[in-house]
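Listed below are the structures to be examined.
Both of the next two complexes hold chain A, though its partner changes from chain B to chain C.
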Partner chain A sequence: MTTLVEAPQSAEPPSTRTRSRQRSAAWKRRAPLLPALLFTIAVTQVPFLVTVFYSFQSWNMVRPGSQHFVGFDNYVDVFTDSVFLQALGNTVTLTVVCVFVAMLLGLGLALLLDRTFPGRGIVRTLLITPFLILPAAGALLWKTTMFDPTYGLLNWAFGVEVEWLSNYPLAAVMTQIVWQWTPFMMLLILAGLQAQSREVLEAAQVDGAGRWRTFVSITLPQLSRYLQLAVLLGAIYIVNSFDAIYLMTQGGPGTASTNLPYYIYQRAFEGFDVGQSSAMGVVVVAMTLIVATFALRLMFRAFDVSRGVK
Partner chain B sequence: MAQVAYAGASRIYPGAHSVRAVDGLDLCAGDGEFLVLVGPSGSGKSTALRMAAGLEDVDEGTIAIGDRDVTQLPPKDRDIAMVFQSYALYPHMSVRENMAFSLKLRGMSKADVRVKVEEAADLLDLTQYLDRKPKALSGGQRQRVAMGRAIVREPSVFLMDEPLSNLDAKLRVETRANIAALQRRLATTTIYVTHDQVEAMTMGDRVAVLRDGVLQQCASPQELYGTPRNVFVAGFIGSPAMNLLTLPVDGGGVKLGELKVQLPVRAEQGEVTVGIRPESLSPVGAGEDGFDLQVQLVEELGADAYVHGTLAGHADKVVVRTDGRTPPKLGEAIRVAPCDTGEVHVFDPESGLRIGAE
Partner chain C sequence: MTARTNRLGRGALTGLTWLVALLFVFPVIWMVVTSFKHEVDAATDPPTFAFTPTLEQFTTILDRGFLPYLANSAFVTGLSTLLVLLLGVPAAYALSLAPVKQTSNALGFFLSTKMLPIVAAIIPLYVISQNLGMLDNVWALIVLYAGMNLPLAVWMMRSFFLEVPTEMIEAARVDGAKLPTVLYRVVLPVVAPGIAATALICVIFAWTEFFYAVNLTAAQAGTVPVFLVGFITSEGLFWAQLSAAALLASLPVMIIGWVAQNHLVRGLSMGAVK
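== the complex of A and B ==
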């Protein structure tokens, strides 16, 4: 009986002391991580907050002393700016088409590489090369050696005289980006293919599944995680494409191949409109977050690849 | 009628030193028979099984299932079901979908599939797990799903590739009995691969012992134990292994230490390899006929104790089974004699073949 009464009493006084001691011990353990945390906040969150702050101001660096708060005017302007809307459309087209095409090509190449043949190591290395080249170098390579109307290999190969970069600017840029990103997709999917258990594939064979059936019912569902990762990472990088557009078309002709990063760059560093470009930046970040968290998840749920194609 | 017949079947892995993983296998599993392929690792037993499944090419010879030559047929046209060592369950499908997969592929109606799957689940005690994914099951349950996936199809042959080696010892013994009982009930021809000779002896109607891709002997468990055809089978079947000693022949017998053992067969002059199982030897009193053994290791198993020792003048170890209640101590010398001369096996030391086998 006495122990029963005593127990809660003795539990109370140390609770505050042990709690504070536990807290300080926890802080001691985490303290070494603090510099990294502070650094991360300093280089990512502070600039973002400053950008948000600027986005509520009318500030053009060409006219010194013009800086003043305008509330949401910049945001209203962003959504009524036809060039911004066009750039938004271009960005969506560019991202969706590039991710999709690069993934299909990557899947095809990965399936071909996932079997043994002489010289496989060399072929694999060669296929990865585009991904290892500096994006700027890749863009210049395509601009000068492939698409150039006078020296370009494309015109020579097809025997035509087409001004690829002027007539099909967005398609040309997308071709370069697909070329650059296919190896990335291929590597990810190849990793997924090689992670498959051989016995599971054999079990499907014994169960009576042909090659196509095995691919659709067994391989594809098991790849679904790798495909999701490939789409997510690919989309994040391709939304931010800048090098290819800057070096190949300068967003032109006119604004035909302008995407959001390039348009923001133009507004900020050619138009010197800090307020306007900050507002665009904030809008783009917000939209990217929405797409990354909701749209992709929704997409995968709708297709529900992981349960197999019926 | 579904017997499986290997006729001179070989599998040769190409390369600088081409390897004959299975070499001219002639073997037949009769209709409804439980045939066990056993051998040490690398003996080609799994390869032989996979050849019957169509997962390995047959480079020479033929394989027939029933009266069809299936040598060139893909796995799906052979009417077989296989249970893999890793179970190879489809990880993204529920237990029900795993079992239904092959039936669906055959175009069976949904209602029929449901009935078949539920029957099989009932038989294997899996009904309450039908909607779980394989990763939410224990090892034993996964093993049963793999069995279920094989039996729903009602194939003419079951092929099992070490299906128990991922289970713990207790569950293995239990599942061993269940599989054997299930096979008797379904009376489906079964080829079963294992490296465990206890599994082979307890489950098989007949056991085929393989070594380096070559069939050594195929016989009933009793016959394998009683009259092994060569030194390899003699040493492989039985636990602990048979004592094999190569000794000079002296007047129709050999000398084990100071004991003269009369050979059950007529041997010429020269040497023979004599095999005596540990359970055919027993300790005797100091004054009786026998040979002395220096005890080096005692393995106590409760009911029995196995005494490892050396014979004076021989490098080879001799193992003796003794009563588990009064085992000899380490370093002692004990006197041992064969209980029955009929249980002495004699082999040719050159070829390893049994001498006197009819």
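== the complex of A and C ==
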């Protein structure tokens, strides 16, 4: 160690005073960031670490004193639990289908809105409304006024007698979620459409490019950043879908429409199994992190985070 | 294409747009219509279109103790959004105009917390709240909602801060203005609309939040979504009452969102649109 300390003296060492001044300047710059950072760590990271701790315990809340260390037992149970695997499948289906369909519908609506026509402002106001309805209210209204087998509007409009919620539970839930999130996608895509330069579009038309050609070669590439953002934000929220399932199907019939958030909720608040539900939570986080690593990379590319860092 | 067929085509497209919009928003229109019905007209086959409107459902909802839930929602939404701004504005500043070295790490950290599924933290949050006597307490929700919205808010506000021309700040500094003056006189006017847009989105997400509210609150600190859960068992029987409650519960956010549509677009696209 002594040789290491002596070595810099022959070079040009920054005096300890400048170094400590630099360090305090760096801390001064960080100061505005720290409260937000510490708060976020306390509210989101600490509970998660506690979840990891719980996941190695056998602990049922209705049996006080039952808490003890069991190692990886809970994880073994989780991966051999067929309901968990089904809930995992449902979560993936629900997220992928809802994000994709909502984005396609949102793109269609945005293209319809991206022109001047009488009442454009009113139409836009109407179209964003489902996003502003309380999701809990939306779910209950779809369950009753739309999907009800006897008095629901869907069966009346199509002249059929379908038990939507018992025969197609996952599809019914997805319909409500897509309805809720399409305006969100539409708004983002519309913002992207309106950000493209009119001159380029006109130039393409002058050069004889048809509508479709212009859309594919000019509009879509320019939209891609907005589409990525829409997919990322949509997925973050839709993967956590709970309201629609809790209020419309209670995960049923059986476990046909159970997703991971709902199953973990059931294990924790109806089964009172803290250990196992915690283990599921940890598994979900691990899987989300794998997906998120890719998503984050996309986000950074799309938003050029190096901008502003000098 | 002749001018005439062109105009026809445009008219048809406009008609289609209107039709699609009305169909899409129909569940909401139907909610409003149903909320003014008597219960006998609400669930019928075929649906009833002509009826004598009544305000009966709204008075029933108020009698059932809706107002305390509404007050809780307003309190929690307002204070959690305020907390987000108090913590988020300085953070966004530190990640844009006076960037710290670890900016991209910090941004990545904030966004990654958003990807942490909330179910993964609910059990400790429940146990901790129980031990602290904070179950069914509005302050617990305020802290949690601030934690939920802060990451997105930091991202959004950072992109608004980046729009402030650095020359303006430097010019003001050269003229001898102190940092607080610069922030107040130069930076704030440019970022204020962005902060408003961010606050709006925090308000929407806090007002509509369901998972924490249902699991951590009940009669004391319950927010409007918790009030609506009461209708889950009365399915098929009280549609008019449900519609009235759904309308009342959604109305505040609906009005704010309608009025501030452009802010909503700007906020969601993270300042990418001028």
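As a working rule, the second predicted complex is superposed on the first by the 272 of 310 C-alpha atoms of A that agree within 3 Å, B and C clash if a C-alpha of one lies under 4 Å from a C-alpha of the other, contacts with A are read in each partner's own complex, and residues count from 1 in each chain.
FYI, a contact is a pair of C-beta atoms (placed from the backbone, for glycine too) under 8 Å apart; a residue touches a chain by one contact, two chains touch by 3 or more.
Just so we're clear, the structure is a prediction, and the values are computed from it rather than from any experiment.
Asks: Looking at the overlay, what does A:Ile218 touch: chain B (first), chain C (second), both, or neither?
Replies: First partner only, chain B.
Asks: After the superposition on A, what does A:Ile128 contact: first (chain B), second (chain C), both or neither?
Replies: The second partner, chain C, only.
Asks: After superposition on the shared chain, which partner residues are touched by A:Val200: those of chain B (first), chain C (second), both, or neither?
Replies: So A:Val200 only meets chain B here.
Asks: According to the stated criteria, A:Val70 is in contact with first (chain B), second (chain C), both, or neither; which is it?
Replies: neither
Asks: Have a look and say if chain B or chain C is in touch with more residues of chain A.
Replies: Here the partner covering more residues of chain A is C.
Asks: If we overlay the two complexes on their shared chain A, which of chain B and chain C does A:Val97 touch? Say first, second, both or neither.
Replies: A:Val97 contacts neither chain B nor chain C.
Asks: Let me check the overlay on chain A: which residues of chain A are in contact with chain B and also with chain C?
Replies: On chain A, the residues that contact chain B in one structure and chain C in the other are 306-308.
Asks: Any idea which chain A residues touch chain B in the complex?
Replies: These residues of chain A touch chain B: 197, 199-200, 202-210, 213, 217-218, 221-222, 306-308.
Asks: Touching chain A in the complex: which residues of chain B?
Replies: 53-55, 74-76, 80-82, 84-86, 88-93, 101-102, 105-106, 149, 153
Asks: For chain C, which residues count as touching chain A in their complex?
Replies: 10, 13-14, 16-18, 20-22, 24-25, 27-28, 30-31, 34, 43-47, 87-88, 90-91, 93-101, 103-104, 106-128, 143-144, 146-147, 150-151, 154, 158-159, 162, 204, 207-208, 210-211, 214-215, 224-225, 228-229, 231-232, 235-236, 239, 242-243, 245-247, 249-250, 253-254, 257-258, 261, 264-266, 268-270, 272-274
Asks: Touching chain C in the complex: which residues of chain A?
Replies: Contacts found on chain A: 26, 29-33, 35-37, 39-40, 42-48, 50-51, 54, 109, 112-113, 115, 117-119, 123-138, 140-146, 148, 150-151, 153, 156, 179, 182, 184, 187-188, 190-192, 194-195, 225-226, 229, 233, 236, 239-240, 242-243, 246-247, 260-261, 264-265, 268-269, 274, 277-278, 281-282, 284-285, 288-289, 292, 295-296, 299-300, 303, 305-310.
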